[in-house]
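One structure is given below, encoded as structure tokens.
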């Protein structure tokens, strides 16, 4: 499943970039996500809970950051495994920050997600809805956070 | 986890069991009461092989908890025949070749029995609609429709006979 | 030896031999909840097996942590591949001499693959145990597209197989390639279609399961299991587990009432083996019952042929040659159930009902990260794929040369007088009268009127189509010179014993799954012996009592075991004739046989019944005769049988939504002489519905990550009574010249013939827009895309 | 498939039920159980407690009262289908019930459960949007009424707070009898669902409820959409297109009232208005591609079904 998003943030590109490469802040902007341990400079252990109505899926795994500071481009590779045979989730997300002005930036995100197991099978496209919603919430929180700075 | 005392009357006979909250009615019937005529064919409430009558209402017993049925009158395929032999609907299935492997048949019979109780002379479309929650993989449904029509006609004829 | 064309039954209603619509002997128990299916079996001390399955399609198993599962109340053990490895039972052979994991030791190859077995004291505890087993995986990128599987950079999936350097399993071909190519080079007209007959599932309403009961004291194993081939399974078990002490005389396989098989209950699935292994290890009975999602996701898959077909013809539409290139997606192992020498099954029946000069067909089989597929789902080994291919492309040819599809078929039919007919791909068709079936079908449906109605509707912009299919089936595998499974010849068997009071028991090597063998076999014995069918008890499925046979699939019961029953009964009739001569004190040659009675020629009042003879066989024998009334026959058919038929279907298409409604469907079948017309019609109704499913609804699809997207009845769309039309059936009778009853077998014709009839009807509705093909299942969204592309969607 | 362990509670009164919901951890309300039990068997839901409201007396009534059709929490789809008032005055509800799952499931499934589940693929929510229904939620602090437009928050998410039960749905009654009456309007509604087979979730579903004046003008329009986005959708733009438009010739309804329903005469530009409304409904959708079809297909089906549902609603308003 591919997801492409483009949105503008009312903040300078450097600030947005700093946010996007800070695992703790990214996790805080994703409802259900948490970083539990730093494995090395670029790799973290973490978890992600997806709650949709009566359904509650919890994934645990790792997040790795591969950064190109000059291009303000980050590749984030998150992979996790669900509890109780829930299957696996794998996401490679490339995000770029482009400055549109002193206090306006554009973020483009291109993500490739592989989800296995019952959620992907029985989801009726639910995972697409869920990821859309997650992106929406993430950009809203990001916008708010940076505006508040 | 909590256990519950459940009493159900199955085909006229009362049974009491202490069951887990999560026990499905179909497993109470099959595993606890050893009435294995009621079958299990899917997990998602689509196939209807587990159909029983709960207080006269055809119900997929794999999607009901045994505790929910506490106090209910349950009808299963084992209760359809009486001292006079098979019911008109059972006879219809035999005469019209309304079954092959027989696995969906108990569910079809229970649904058909309830249909005929509510509608003595259903049309073909009404029969097809009524059994649309019961999957059959063998017969192609044509002869199941005929079996229900056979039972309707026989019951009507018997009724007319009694009136005379 | 062959019977005459039957024009109604020859026996009385009391005897109820061939041609009578005898009500089924099995029905009273099924109708009163007294069937005896696998899940109805329980044994004292019985344990339950439930299976942990892989959520991923391909990857390494990093760790299996069973500690939490073992803490669940009632869970006794968790079996893994490593445990089975200790007994060398972690792999098993398939019927096609490939190999398949029972439980993996390091790698999973498809979603829902068995990963561990949880043994517990109840169904509920076993399920809790499964949920508590933690398996850590390292996912790998699966190979899902079979075309990509053959690309040079594709990862080799079966690294376990020595010498396997790519994902190709085998290459098969039939016919004269050069001669075929020559005709194509010079032909006036060549048409071509690429088509996929997708992966589907048998979806019998009963899933698979077994109850394995190993007696450690006697070293004896009884397995009650949902199998269509109990004897073959016993032999396979002995071959696989002989090294752990399970030799064939210590194994009893019992196949109880089966809630639908359709070919899905032929193979040995890992669950059976795990249950058996658990019973052997624990010394207790172990039951395994698959749930629906396991069933739909892990086993019983069929089809999945990608075909590229071409016909060469002259300008009038006379077919000259056929050429088909096929890619077969077998999933992770070649575990299909086909005769050993026929890796592509009987696909070479693809030339169908048409006479032509040459044909060439080839199939390449590949591995992918899907569950093993290729069961002969209500199909005599790839005949469904072959017929779909031919019957679709014949319509393309008709469209191309501007002829009515029925007319084009008629002009290409193998003529009645050409039988026995030798097809370019090597079959000898036993008998046929294709025009007769076509005539009846056209008459029944009112073909010419429908064409007129269609023309009028087209004027008004309405979309209606008429689809024709004139298929030829091949079944009854098969003659021992060509047909075997794992080396065992594909004969079948019957054993008939008449008791002193004139009642009989007949046992067969086959196994009914709803076809009504208890009734039809009794009628066969009645036909031959003149005993009332009601007095003949039929038994199958217990390897301790039934004679050895290869089982029921591929419509082989009537052609093989049915014939064996005839031959065994005839042996008894010959013996009875000797006894009758003895009782009537005349010579055998002075006796006349009327079903049930020997009488003296010219003195009809001097007679004895078959029952008299049976009694005498135990009480009053001619001197020197062996007592008793019992005979066995192992029947090796001299040829296969070739049933045929013409199906015509009418559909209406909703231009708004793309929905297809099957308005009418007429099926005219010719299965030779008919044993029980009621049962034959029932078989056709059911087969048609199982053809409707894949034509319009059913398909097993996988996403790029290997997730099965039709893993429950929510998405695997088995038609209900509402979607299913009121089938109309008709029959012509062209007896098989070599079957002792002139019968051909009927179980599968309709499943084979219905999909192309429906697809042809949809294409016919759209043909004036330039549409020549629609892939099945013809879903509304697929139709709508075409309507939009052609500018007729509203 | 076996459900996970949980504790089952069967309160005998609403008060008791609310008390249990307030005191138990991780509790889930069950009425008919036809959505919840399959999720339990798949172990997609694993609540520690289930509060079965099925034995609470008084929640199974359906009928008109105080200007509303009131549907209690335990009214099953079958009860709705068999209700004479519904058949006569709310054919859109009957349409909706008849295409939900299959007849056996409908024997236990409840209307309130279908709505409270918050599943955008469920059918009643669209109809409730079209009918401008009100949801009565009962919680520890008593009853509150939630307008349908404020009820659906997203995928499986509703305005119901933890510890609240959807105890009743109230549908404004059309005035008078026979579809035309006290409020001077002629009412007609229809629900159309495209499904792959019986028992399927909708590829697309459309509910349309219209009120027309004697002059043939639409005085009120409701258009709700099923399974075409993350939540049930109100096609407001489609409603705006319809509202005020004259769809029936002046006097057409009066004439038709005593004749057959086909007799109603469409206004000259009615087809254009309907097409514009249908397109507006399609534009309001946000579907995802799945095995039921592409985004494009689903949008177009919203358009096609909206057009057909308007036509059917009009026909009913006339007859």
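Per-chain residue numbering starts at 1, and chain names A, B, C and D are given in the order in which the chains are listed.
To be clear about the criterion, a residue touches a chain if its C-beta (ideal position, glycine included) is under 8 Å from a C-beta of that chain, and two chains touch if they have at least 3 such contacts.
Because the structure is a prediction, the values reported are computed rather than measured.
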Go ahead and name the chain pair joined by the largest number of contacting C-beta pairs. B-C
Could you tell me the distance, in whole angstrom, between the mean C-alpha positions of chain A and chain B? 51
Once you find the CA centre of chain B and the CA centre of chain C, what distance in Å lies between them? 30
Gap in Å, rounded to a whole number, between the CA centres of chain D and chain A: 36
Quick one: report the Å distance separating chain B from chain D, using the average Cα coordinate of each chain. 30
Name the residues of chain D that each touch 2 or more other chains. 1-2, 4-5, 42-43, 102, 198-199, 201
If I count partner chains per residue in chain C, which residues reach a count of at least 2? 123-124, 131, 291-293, 709, 712, 714, 720, 722
Mind pulling the chain B residues that touch 2 or more other chains? 20, 22, 43-44, 46, 129, 132-134
Could you list each pair of chains that touch one another? A-C, A-D, B-C, B-D, C-D
Provide the residue numbers of chain D that touch chain B in the complex, in ascending order. 1-8, 10, 33-34, 37-38, 40-42, 50, 52, 54, 78, 101-105, 107-108, 198-199
Give every residue of chain C touching chain B within the complex, in rising order. 23-24, 26-35, 37, 39-40, 123-124, 202-207, 257-262, 291-293, 513-516, 678-679, 681-682, 684-690, 712-714, 718, 720-722, 724, 726-727
Complex interface listing, chain C residues touching chain A: 52-53, 55-57, 111, 130-133, 135-137, 139, 703-709, 711-712, 714
Contact residues on chain A for chain C in the complex? 79, 81-82, 84-88, 90, 114-118, 120-122
Chain A touches which residues of chain D in the complex? 28, 36, 39, 42-47, 117-119, 121, 154-157, 201, 230, 288-290
